[in-house]
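Chain lettering (A, B, C and D) follows the sequence in which the chains are written, and residue indices restart at 1 in each chain.
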């Protein structure tokens, strides 16, 4: 456990809070110290004012931290009462968050291309991973899955396509979209796009975020290809900083790690997905 | 107990919700059936959305029900979390209320002038009483007390002054204002204005609403003048329609009545103030 | 796709599992302006009534707490004769409309329970059954609850049981529900209602006094729901009696949890104050849920939690 | 205007009455990014630790409820040796900074409690005292809590007491607090901490399964506060020991209620998750309150409710 992860309490101001796909919002907050310190794959835990009967904060990952502007971009799905309340926050409204929390993505040690895989609202942390890789000069391809075209966060896909070109690869980046119903991109699950990519192109690692069944599928393909795979997991969280031990993740070796502290990013082989 | 009081659930729409004095708001709601059926001195119990941790509705009296327009006017003080939430409701917002609830003011059976006495947020139901009297052709004077000029709901005082003139009295209506600090009207409590009025002019009855100490003082003066006195009481309420028995009012003869059903308007002699 | 929603609560036939908790629903008539009580609910449980009138506790009787309220009404009631005089005709009509009527019996001593039962037997032939409130303060024992221990609860039941052949339920306090439930079953209780409000304390820290007129009062509302479900489950493991699950039920989901935990019926309580249509919404929602669960009868879902 | 805020919790000297509830505050270090724990709190209570490491319960361990959460962490812990290795240096420093450090002892049997106490004695000379968690499941007795009855609680205390001369507190479950408190006092407990979480049940009505990995789990948060205050008051009437009041304390007012009800100290628990600064705010607020109440020492307010 990383007891040196010491999130702080930050005030934030909502700058933008706009729908960007069905049940999906893009939130831009001003939180200068957070923007300076948060690393790709880490998360924050937001207090959303309004309903005192919900006592827990809402843990959210981010897609982009702009240290110069002092802003952090989050893209979230409205899935319940808490995120609905968040979607109602207006520009100018203030609240607090705790962060940066947890252990994020790691840039692979070996040189070579990474395959990023995002399913649903797993996309934002994958965008953050892509920015991290691009900044480190590491090439990547990406597969982005969504239920259908309406739920696809297209701007995120465009961002992946538009990031600085690979410095170490001479071939073009591939960013593939899959939807369950074929209303955008390839019809099917992300794994159906990942499998041929793994056969066709060379990767040193996979990095994936999305629903548990998707992560299991991606981890199996990585395993078959004998490639390491980082996965970012989602858990209901009590505190978000190691105080309550509620967000346990089963370890392959037995026992549990804490998603908020040891994760949310884990080596797929170390956890039971 | 009046088991025939059968409030219903009404949807309402906020038309106006504006500050009219310090910590005091005027709320105009559209609720056509309520506007048609509610009687002076009765109340309603509003559901104010937002914070599920507060499970009770907010009981409020009203100042004016306009059956033709389908609207009801409420003037309320922001005194706690619930009324603060109500003050944040914007025009167009909808919620529900239960009502009409309780037993309201009674027009005196004997002919003659009534002295109305209002303290603080006791003013709105007194305005409703004045409208009821004016419609019945009964004359009245009024004493309106407030902490200071800033907390005085002046528009309400103007309404009392501007209502249809008495049909049975040839002398002009008196509407006196008192404030604790003298920043408007007479310096002192309402009783300091009530006492000389009782000595000087002839009344058949008093009708009063305000804080408990004020009601005690007014009831004592009425008693000394051998006049009946109706008082409108305030209690924390569970249901507002006789289901929970939580809003008990001690009876002079022993035992308890329920404020929400037997009141909020009582004969001052029948209750322990 | 039509599910049989009828249940048998210890001999009380209910058209659906929805009952109301004593003291939160007046005596039914107060809700007739909101919906057709007689056509909608499985049963109502009236306010607790004693042989003689009780004044109840002084004000304040109510405090609001997070997702909860506290009350100390103290069973204000007009006595059995006054109750029957005022509400008898309405309640008889309610039963004729298909809604069971459960009268709650209160007492400060075994003698008072007996006398109230006798008076109800004499004056309320329309009552579907009785619920004995064993949380009333025992005047002789310094105010402790009449049925605080298995032995004391059994004694109350032993007193009431021979006096009526109609179904007798017992409203249980929120402690030792397995042991007390077994004791009540042994004494011939037909069903158990649980839980009553949870004793709690709220102080005004400026005046150092209770926020209510009594040092302690009963906590109810959504805050206690998960505790109540656990106690219903514990009691259901311990006894072989139908249970009426009570405690913070504000939605059909809350009621469904109670049924899965082992309750044959459910009582909507504090939610009646928040939303006077709550019990009606629970009845509708339970029927939809039972259909979605694919059962022919709601009784198939009683105790059907997979734990 | 300066009030002496120091209290003595059964031999544990605290600069102010504010402690933290075990399992809600990590082991203190997790909050150092939020405020200076060592300079602010009276004490912290560490997570429960057993002689050998425990894995704890499977996921999910958490559910959100109205004004509350439920958890079933199951005392995941690295064992005394692992705990001391990982946190010993920090905790020794915390004590040197003026904040008492209370280590919580867990066990599945009397032998395990004894072994854990011996290991703490050997490896944690910096501990200010111990809190014995008697709500751990008794493996030999099918999982019932180790200290569920006065006799069983007394037996745990009798096991631990001879093994240390440092203060021993007992973390009490939310039932029979008067009787169990008296039994613990008779066995030499120095102080009592109450209440632990309240057993509760939350079901997913579509799957018919528990929302957590165990059938029941512990309810905590503002929903249970008024119940906890009542139990602290009941226990204070029954015993002559200092109490640490725990249960839904989210504000200084909540803490002040506990003190008025009879608590010498208070532990902030679930509120640490909601607002990591909660315990610090409680400490500030209590000092303002004590000054407004016009006392020279906060101890004058302990049990000072006028009921």
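General remarks:
Rule of thumb we're sticking to: a residue touches a chain if its C-beta (ideal position, glycine included) is under 8 Å from a C-beta of that chain, and two chains touch if they have at least 3 such contacts.
Predicted, not measured: the structure shown is a model, and the values here were computed from it.
Within the list B-D, B-C or A-C, A-D finds its counterpart interface, over half of the contact pairs alike by residue number, in B-C.
When the interfaces B-C and A-C are ranked by C-beta pairs in contact, the top one is B-C.
Centres computed as Cα averages put subunit C at a distance of 34 Å from subunit D.
Centre-to-centre separation between subunit A and subunit C, using Cα means, comes to 49 Å. Centre-to-centre, using mean CA coordinates, subunit A is 57 Å away from subunit B.
Among all residues of subunit B, those that touch two or more other chains are 52-54. Contact of a single residue of subunit D with at least two other chains is seen at positions 66-68, 222.
Taken as a contact graph, with one node per protein chain and an edge wherever two chains touch, the assembly is complete, since every chain touches every other chain. For subunit A in complex with subunit B, the touching residues are 50-54.
Residues of subunit B that touch subunit C in their complex: 1, 3, 6-9, 47, 52-57, 98, 235-239, 241-250, 254-256. Remark: subunit D residues 23-26, 29-34, 47, 53, 55-64, 66-69, 71, 73, 76, 86-87, 90, 221-222, 270, 272-277 touch subunit A in the complex. Taken together, the subunit C residues at the contact with subunit D in this complex read 65-68, 70, 175, 198-203, 205-210, 215-216, 219, 222-227, 229-230, 233, 248, 253, 256-257, 260-261, 289, 292, 304-307. If you check the complex, the residues on subunit C that touch subunit A are 66-67, 222.
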